[in-house]
Structure formats: structure tokens, C-alpha cells
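Two complexes are shown next, each including subunit A; its partner changes from subunit B in the first to subunit C in the second.
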Partner chain A sequence: MSNIAGKAYAMNVITPLKWLTTLRTRLIFWGAGKLPSTTLGLVTLSLIHYARWVILRPKDFPHLGPEQPKEDLQYCYMLFFSNFNGSWDQYVDSFSSTIPTGLDSFWYKNIKYTNSIPMLPFHRYITWNQIWTDNYYNAYPMASTNDVKSAQKVRQNLIDFARSTANATPDDFQRQYNKLLLSLQHDLSQMGLNPVVSLSASAVDRRLGKERRGVS
Partner chain B sequence: MANQSGNAYALALLCPVRAGAPPAGFDGQCQESYAAHLRYVLQSVRVSGDSPMARVPNTYLSRFFLLDDVFYQGSPALEEHLKSSYLVFCCNFHGELEPYLTGMWKTIESEVRLILNHCVGFSDQTVRDAAAFIAYIKKCEIKTTFYFNGSTDQPLAEQLKGLYLKQEFSKFAFENQGRSAREIQEAFGEFIKGTEPENTARPAWKPGVYDLDKVVAK
Partner chain C sequence: MTTAADDFLDLSDIQGIVVKAYSRFGFPVARYVLFRIDLPAHGRKFVVGITPMITTGVRWTDPASIPSAATNIAFTYKGLKHLDVLDASLHGFSDEFSMGMKARRDIVGDTGPNHPRHWDPVWHNESETGQHVHILVTIDGKGETEVEARYRQILALLVECPGVVQLSGQRGGGSDDLPYQPAAAIPPKPEEAGFPGGKEHFGYSDGISTTFFKGCGADPMEVIGEDKPVKGDPRTLEGWAPVAAGELIFGYPDEAFEYPEAPGPPLFSRNGTYLVYRKLHENTGSFESYLEAEGARFPGGKEALAAKFAGRWRNGAPLATFPTQESADRYIAELSALQLKVWAGQASPAEQARYQELALQLVALDYGDDKDGARCPFGAHTRRVNPRSALRFGNKKAFADDPGALSNRRRVLRRGLPYGRSETPARDDGDHGIVIMIVNADLSRQFEFVQQQWITFGNDFKLANDQDPLPGNHGTSKNCRAGGRMII
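So, the complex of A and B:
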């Protein structure tokens, strides 16, 4: 199992909710999609590469033929998939601390949802409903989501700078170069491997070591 | 559409796993259920730059896991169970679904078969080409209710080129501190020639690589 791929952690959570509750929850998600300002807290936290919520009614479970028994469920289910930077505790606690209301509105009236504060019951709720990932792939394991966003800015700035200074005198070049560094001061840093800070990360490290040695 | 945020696509699949055990000789294994064998296969697939997903164009992040059942929340909640196990595949990628799946089929058909042959309705006989693969995936796709993109939605090649440039330009800025204007200008000219910022193909970071010494594709 590997919930960790470099600087990214894969979280999978599945929780039941009643059909009537889904109507309200869908409305909240619809509103969040229409009004990006409602997710400003998520943006500001800047921990997440990509996350999604999926609400499944019993009839939404794919049924592909007579050899597969049809599901007979009473509850609907909400699936949450996130790709975030940092450890499980950092992620869960960041949300509880900074956007508890947003979190509680997304999980509103899910069966036995505890609210995101106090933290300990919330930890227990997520742990109880989390499923471990069997295979997790990340195209840029040495980069955080902030690195990816910064990289886009660095590249565009370099392209523009190279064009605008192609015929500059050394002094003019220096002035513009200093401006470039100033504008990119939050975006320049060295990336590298994530430190191994947990038993899970250590297990992933051993798995990668085997891959490097060609052992399956 | 909730599956998309700009040019980023959130694909989520629930593929029902066959019930029971595979026949003797199925991929060299026997005496275990399709679900148990599939979990073994998923955990054996590489996750680094040698991962099959690293060959599928425009894949940002992907995961596989098995959903064997739903969780009972304790009294007075209802206790209910799934009748099938499901292979869950979640992927974030750049672009539209059908071109992405076509790219997946072209690049890793054998690995796709190795995994999906454990699932109901998928076999060498029922899925023979990219069109049949796309049709199968669409039957298993579940629609995302809300998609949050905290990153960018650029093509992967542009993201990887940007990361390469960020790393190299950070070194450049550090190494050229305190030098004269003329020296920095000359060094920058060499830097641009060597790094080719507008060329997304090379030099750039390779997808999925965990090693700074091996990450640059020259």
C-alpha cells in the first residue's frame, strides 16, 4: 500500500448519508462551483494539488451484467479523494483550524459526522472511513503544488525576460535582472526528495529502493 | 461539468471486480479471489518513473485501490454491505477524456489488461481496441460532484518544463550573485541556450522520477 508519492498524500474517504441530505449537499457544492470565493480558504491553504467529492446514489454504482449482483443499499455515499502535500495530521488539522465551517458544510449530516471541531473525534471519523491506496503515482514527486504553480510563473517570466533583454546593454540588463529576481523571490527554491518522517513514508522509501534495484 | 476544472479532468471509476476465484493458471495464480489477486497486482505495479502511468501522456496524479465494502457507522445507523468489490481508479490529467484514454490504450494496453481482466465485463474478447476500452471506461465512470483544482491545468510537459526551469534558474541566481552586469548577462545567454525555456520537450523533468540526479531528460 502506498498513500504517499513523494510530496503528495492520497486520501480516500467514503461516508454514508441519507438521500434527502444529498439534495442540500449537492446545492452547497453547486454553489461552491459557481462562487469560487467560497473556496478561498482551500486556495489559501495551498496544500492541495487536486481534490474531489463524489456523491453516489445506490443506483449510481456501475452494474455491468448479470454475473454482477445488483447493490441493495439504503444510504447514498460521499466519496472524497484528495492529493495534498504534507502529512495526514498536518492536512486534517489545517482544515479543522482554518476552514471548519466549510468542512462541516461539505460533510453536513453525513451519518455520525462529528463536526471538524473538536479535532480528536474528527480524526477518529476520518480514520474510520479512510481506505488505503494500493498504487499511487505522482508525475512530480519532488514538487509541492506551490512548486508547480511557481514553476509556471518562473517559466513565463524567463521567456519574457529573455525576449525583452535580447539587445539590452549590460547595465540595463542588470536593472531588469534585479527586477526579475525581485518579482520571483517567492518562486525560486530548490526542490528535492521529501524527508522520511513516518513509518508509512519509510515503507514507501523501501519500495522505491526495490524499484531502483530492479526487484519487483 | 464537474469532472472538469479548466483543462484539468478528474476521472473516477468504479469497476466491479469479478466474484469468486480465477481459474487455475490465471496469470500464474490460483486459490485466491479475483479481488485478492488484483490487490497483489496493484501493489506490484511500479510507482516511480518506471510506472506505467508515467507513459500515459498528460497524467498528473493517479491512484488505484480496492473498495471491498462500506463502513458501518455504529448504532443507530443502518448496517449495509456492498455485494461486489470495486476497483477504484482516480486520475487527474490534462485534456479531454477520450484522447486521454486513447493515449492510455496506446501506451499501456498490456498493463491495462493485466488489471482490468479482474473486472466484470472486461476480457480480451470483449475489449479488443481503443474504442471498446473507452466504451468500457464510460460504463464505469462516476461523475464528480465537486472538483477543486489547487494546482494548474497546463499540459504535463509544460508543468515539467517549468519545474526544470525553476530548479535550474534557482541555482543560476544563487551561483551568479555578486558578479558584474556583463558577466551575468553572458552567463544568462548561456543559461537560455542550455535550458531552452520555450522547448517543452527537452531539456525538462521526466515524469514520476524521485531522483535529482536522474530527473532531467536532456
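So, the complex of A and C:
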């Protein structure tokens, strides 16, 4: 079990809210979807792969069969799901520093929501309601979302370049190549391992590594 | 909830090293002395004895009020334990502090050539019964004589406290066993008289910018470019606001309107803070030879390449404002000529006004007009460690009310001086570098974050794993060359 895979961290937070509050929250979600400028701050946070808010009604929770006890849920629930690069603290602090109003309007009157500032109660609220990740897989453990975006841009530009220079003269090729390098200069950095963001996580990694190698 | 009283700091109870960058007050020489406490009673007696010598943060209103030497003191977690501080208080310290920097080496990137086994011998042999560093005493002074006098005064306390032991084992001057770490500003070359800041061994003007915080007592004009950017023209007072004192000192509200987490009772920790002590060796030979070799192929030559590394020309001019060497040299020549006149008291009112205008240009920038990093690269040292508004990546509507939203809570105070002399700058192996002390109220959110995410990593700047070209840990290859990478 780990919330961390490579450079990515998975966060699930489920918070209860009252029926009436869901109506307002749905309206806020709808407005945010219609007005992308309201989520500009969120989009600028390049450490986030994506963030998604979903409202679940009691009947939306799966009931897999008669052997599963029925639950008597009193509230609706808001599921927040996000993947990001960096540490838990970096992520939560970035959110509350950059879009405090946005967070407060999304969570509004969810039960015991503390507001995103001050930060310590907000940390406690998220920690209390976070559901730890059981299985988490990352196809590109050494890549952050910025790295993936850069790689996609480099690939597409190279394909276009190869096409457009197929019949270029050497001078023209050189000119276009220099232009290509200039346009890609922010996308050519070197990928590597994630820094150690948690000594506990790195200790687990070392232990698992030893176990795999058969070292006691 | 904060009150107006929270904006007034009890400067008489805050150490001077927190509030003042001593080099700005004509203190070019320092000694950093380490002690171990064997007997708690003697440790406490030593602390009582040194207390009258401790320099406070009270503002020096005129030159006559500036002492000839300043003394400050810091304790490690184990040091406090050996002073018999109550467990209830000790438990209130953060893990980062109680573990110590050695144990946090994987977090802060002290691996490979930076591994603690390469640190000065005084940091070796640490075990529960062996040598431990418990106390750091810093002495800053106007000259060697003043520092020596204060040093003797402090050592005299040990006669009465044999249970406190001065630790030798600091490296310098060809010895591995110095009783203290000497440090001193590098005297400017004649042609560099009046240049801003002091020099460090790579030849950069350093210490130009410092964090301005609420209640620090400095000239309010110094907030420009030295603090958190707000809505407004970054060249004026409207573009900046002081950072909350609680980011740097316990007992005051921070940027999130909270009091920083600190050990109780409040009287124990209020007006205190965390200080990080690091001694960074500088590989002057490798640096210069790299600049020579690569500068020959780089447009603008080695000086332009050196400027791209730091985000400032070696003469101190910021690259984002002065993109060519010619403009930087012209600017610094005018600024330093006026600086000399101001120091000599010979500047006319018009010259003084012009001097103020030019001095502001050293720091009054927010990268808003260099969003693509065409002038100052995203990965340049000064843009990394103090990104100002740069993390908006030119998107001025993002975090519009708080352009420094992603950097305001990472601010720290930098203190310290260069050590050693690079008399043979063509070599790496002399004793020369920088002693840097970093002051902050949250080691994890501030020092460790900057050290890890901004110095030894690059994702926040969209630079993957690229590191800071200067203090980054670039490792060494088999031929002893560093293996860093930077896109300029």
C-alpha cells in the first residue's frame, strides 16, 4: 500500500455534506466548469496532474450483494481525487496558498470544513478525511506531469520537423534545427528519480529492495 | 486572529543575527565556535555567563551605537537536552530539528560528495557517548582584533565551567583541527570598490538581497524587492509587502495567520527560531576552468555564462534587468561611483537621489517581464531560491491577488560569510567556501523545501531533475568532473 508511485502521489478525500448543501455545491461546480477563469490558479499549479470533485449520493455507493451489510448513510459525500507531484505538504500548501477562495467555495459547508486558511486546521481536516491508497500504479515513475507534457511536445515537434525538413538544404536544415531547439529549450531537461520526500517512504523502499534481493 | 501588537517585535529578546545581516553594519570578520556540554549544571552556567554578551535585535540608530563585536548563540536538540531542558518542551520541537541535519541528509541532498562523512571532523564520531555538537556561538566583528577579544572573553567562561568543552575539528588553513571556524568577507579588488554586496570565491557579489519582515526595524524602503510581491509595480513600494514575522520567528503570526509551531511554554520559545548552519566548499578550479572552456563557445563569453548560472552578473547586476554585460557594467560603474561618494558623505542631494534610484534596481524585479526566462533562465540560482512572482510563469491573472503565493511561505533569512582564501583559484582542494546560516520558523516548509525542491530538483520550474547550477549536488564522475545540466 502506498500513496506514492515514482514521482506521483495519489490523494482521495471523502467529506460528508448535507443534502441542501449539495445543491449549492453542484451550482458552484457547474459555474466553475462554465467559467474556466475561476480555475486559472489551479491550472497554473503545474505539480497537479488533475484534480476532480464528485458528489456522491448515498445510493451511489456500491452494494455488491446481500452479504454486504446495508449502510444507513445520513449525508451525501464529496469525493476529491487528485494525482500530483511532490509531497503531501507541498500539494496541500500550494492549494491553500494559491486558491484559498476556490477551495472554500468548493467545500463551502461540508461537515466540519475549517476553511483553507489557517493552514494547520486545514491539514488536520484533510488528513482526517483522506482515504489511503491501496493500489497505485505509475507507468512513468521518473516523469512528472511537466515532464510528460514536455515529452509530448518534443515528440510532436520532432515529427513535424522531420517532415518539414525532408527535402531541406543543409543550410536551411541547420536554420530550422536551431529554431526548433530554441522553441524546445524549456522541454529538454533531464528526468531522474524523485527526491526523497519522506524518510519513512524511503526506508520502506530500502526494506523492499533488500527483500527483493534476498538480503535480511 | 492577529492584532496590531503582533506587528511589533520584541527586538530586545530576539538575537541580533536574526534581525541584522551583520556584514551590512561593517562586520567583515567572524568566528563560529562549537561546544559540547558534559555537565548540565556547567552548561547552564556557561549560558548564564555568555548571556550579557549576546547581541540583540534592537535597532542601531546611529553609528555610535554599533558595538565592535556581536555575539550570538544557538543550540542543537542534544544541546538543549544536555542543558536539562524539560522533556515536555523538547517534545515540542520539530522532527527536523530533533533529528539533526545528518539524519536528514537524504531529504536535503547531502549525498555523494556532500555526504556527512566528508564534513569537517568536528561533525564525525557522533554517538551517544562520543563527541557531540551542542552549542554554536557566532562572533562577528569589525576586525580580527575585536573578534579575538570577544573570543577570549567567551573562552574565559570555560574556566568556571569545565563541564563545557570547546570542540576542535574544523577544517581550514591546511589543518583539520581548528578550534573554531574563521570566516571573513573577501576584500574587494581596487577596481571593485563600491560594488554592491560582498564577494564570494566564485567571484560573484553576494548578500545583495535579504528578506524584509514585519517589525524588523529596517528602512521601510528596503521592502522593495526584498520581500513578498503584491499587486503593484515591482519597482515601487506598491509592489511589495513585508513577510509576516512568524515565518521567521516563533511567537508571531505567519503568512497563514497562525503562530508557528514551537515548543512550550511560550516563554521558552517566543522570539526564538531555527538556525541551519552549513559550510559549503566551493570548487573554484573546476568552476573557472568550466567557464573558460564553455564560455569560449557561448555568445557573450564566460562572464555571460557565469551570469546565466547565478541570475546576476558577477558584479551584482541582475540579469533580468541588465541582459547585456555592457549594460550591467555601465550600471554598476555608476552605482559604485555614487556609493563611494555616499559613504564619504560627499554626495549632493541629486546624487543621493540618483543613488537610491540605482540601488533599487539591484532588487526591484519580479521576473514579470522575463516570463520565458530569455534574460534570466528559469534554473538560475537567484531565480530558484527567490522566485518572486516567477512561479506564475507569466500568467498574470493566476494568483492575481498574491503573485508570490507559491514562494512567500518559502522565504528564509540568509546569514554567514565566506571562509578561507582561494589563493590558488585554479585548484578545488583549498579551504575556501561559504558558511551559510539559514533562519526560519519551519525547517521542513522553508529550508528543507528550498534545499530539496528548488536547489536539488527542478519540477517547480518545469526543469525535471535539473539542479541549481551553483549549490546543487551534481555529484562527481570518475574524472572528478561534476555532472550537472542546465538549459540556458
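Following the convention adopted for this analysis, the second predicted complex is superposed on the first by the 201 of 216 C-alpha atoms of A that agree within 3 Å, B and C clash if a C-alpha of one lies under 4 Å from a C-alpha of the other, contacts with A are read in each partner's own complex, and residues count from 1 in each chain.
The rule we apply is simple: a residue touches a chain if its C-beta (ideal position, glycine included) is under 8 Å from a C-beta of that chain, and two chains touch if they have at least 3 such contacts.
All figures in this text were calculated on a predicted structure; none of them were measured in a lab.
After superposition on subunit A, the partners subunit B and subunit C are seen to fit next to each other with no clash. Look at A:Q152: by the touch rule set out above, it reaches subunit B but stays clear of subunit C.
Touch criterion met: A:L120 reaches subunit C, while subunit B stays clear of it. Using the contact criterion defined above for the overlaid structures, shared-chain residue A:S202 touches subunit C, although it does not reach subunit B. Of the two partner chains placed by the overlay, subunit B and subunit C both lie in contact with A:L188.
Working from the superposition on chain A, the subunit A vertex angle toward subunit B and subunit C, CA centres, sits at 130° in steps of 10. In the superposition on chain A, the chain among subunit B and subunit C reaching more residues of subunit A is B. Shared-chain residue A:L47: touches subunit B and subunit C both. Shared-chain residue A:W132: touches subunit B; no touch with subunit C. In the superposition on chain A, contact of A:D89 is made with subunit C only, not with subunit B.
When the two complexes are overlaid on their common chain A, residue A:S97 makes contact with subunit C while staying clear of subunit B. Taking every C-alpha atom of subunit B against every C-alpha atom of subunit C, the smallest gap after superposition is 7 Å.
Taken together, the two structures place residues 43, 46-47, 147, 150, 188-193 of subunit A in contact with subunit B in one case and with subunit C in the other. Interface residues of subunit B facing subunit A in the complex, by the touch rule stated above, are 2, 8, 10, 12, 14-16, 18-19, 39, 42-48, 50-51, 53-54, 59-67, 70-71, 73-74, 77-78, 80, 82-84, 86, 88, 90, 92, 119-121, 139-140, 142-152, 154, 156, 158-163, 165-167, 169-171, 173, 180-182, 184-185, 188, 192, 197-198, 205, 207-212, 215.
Taken together, the subunit A residues at the contact with subunit C in this complex read 7, 37, 40-41, 43-47, 85-86, 89-90, 93-94, 96-99, 117-120, 144, 146-147, 150, 185-186, 188-193, 195-197, 199, 202. Of all residues in subunit C, those touching subunit A in their complex are 103-104, 106-107, 109, 256-258, 261, 372-373, 378, 392-393, 395, 397-399, 402, 405-406, 408-409, 444-445, 449, 452-453, 456-460, 462-466, 485, 487. For subunit A in complex with subunit B, the touching residues are 1-2, 5-6, 8, 10, 12, 14-16, 25-26, 29, 32-33, 39, 42-43, 46-56, 60-65, 67-75, 77, 79, 81, 83, 106, 111-112, 128-129, 131-143, 145, 147-152, 154-155, 158-159, 162, 165, 168, 170-171, 173-174, 177, 181, 184, 187-193, 204, 207-208, 211-212, 216.
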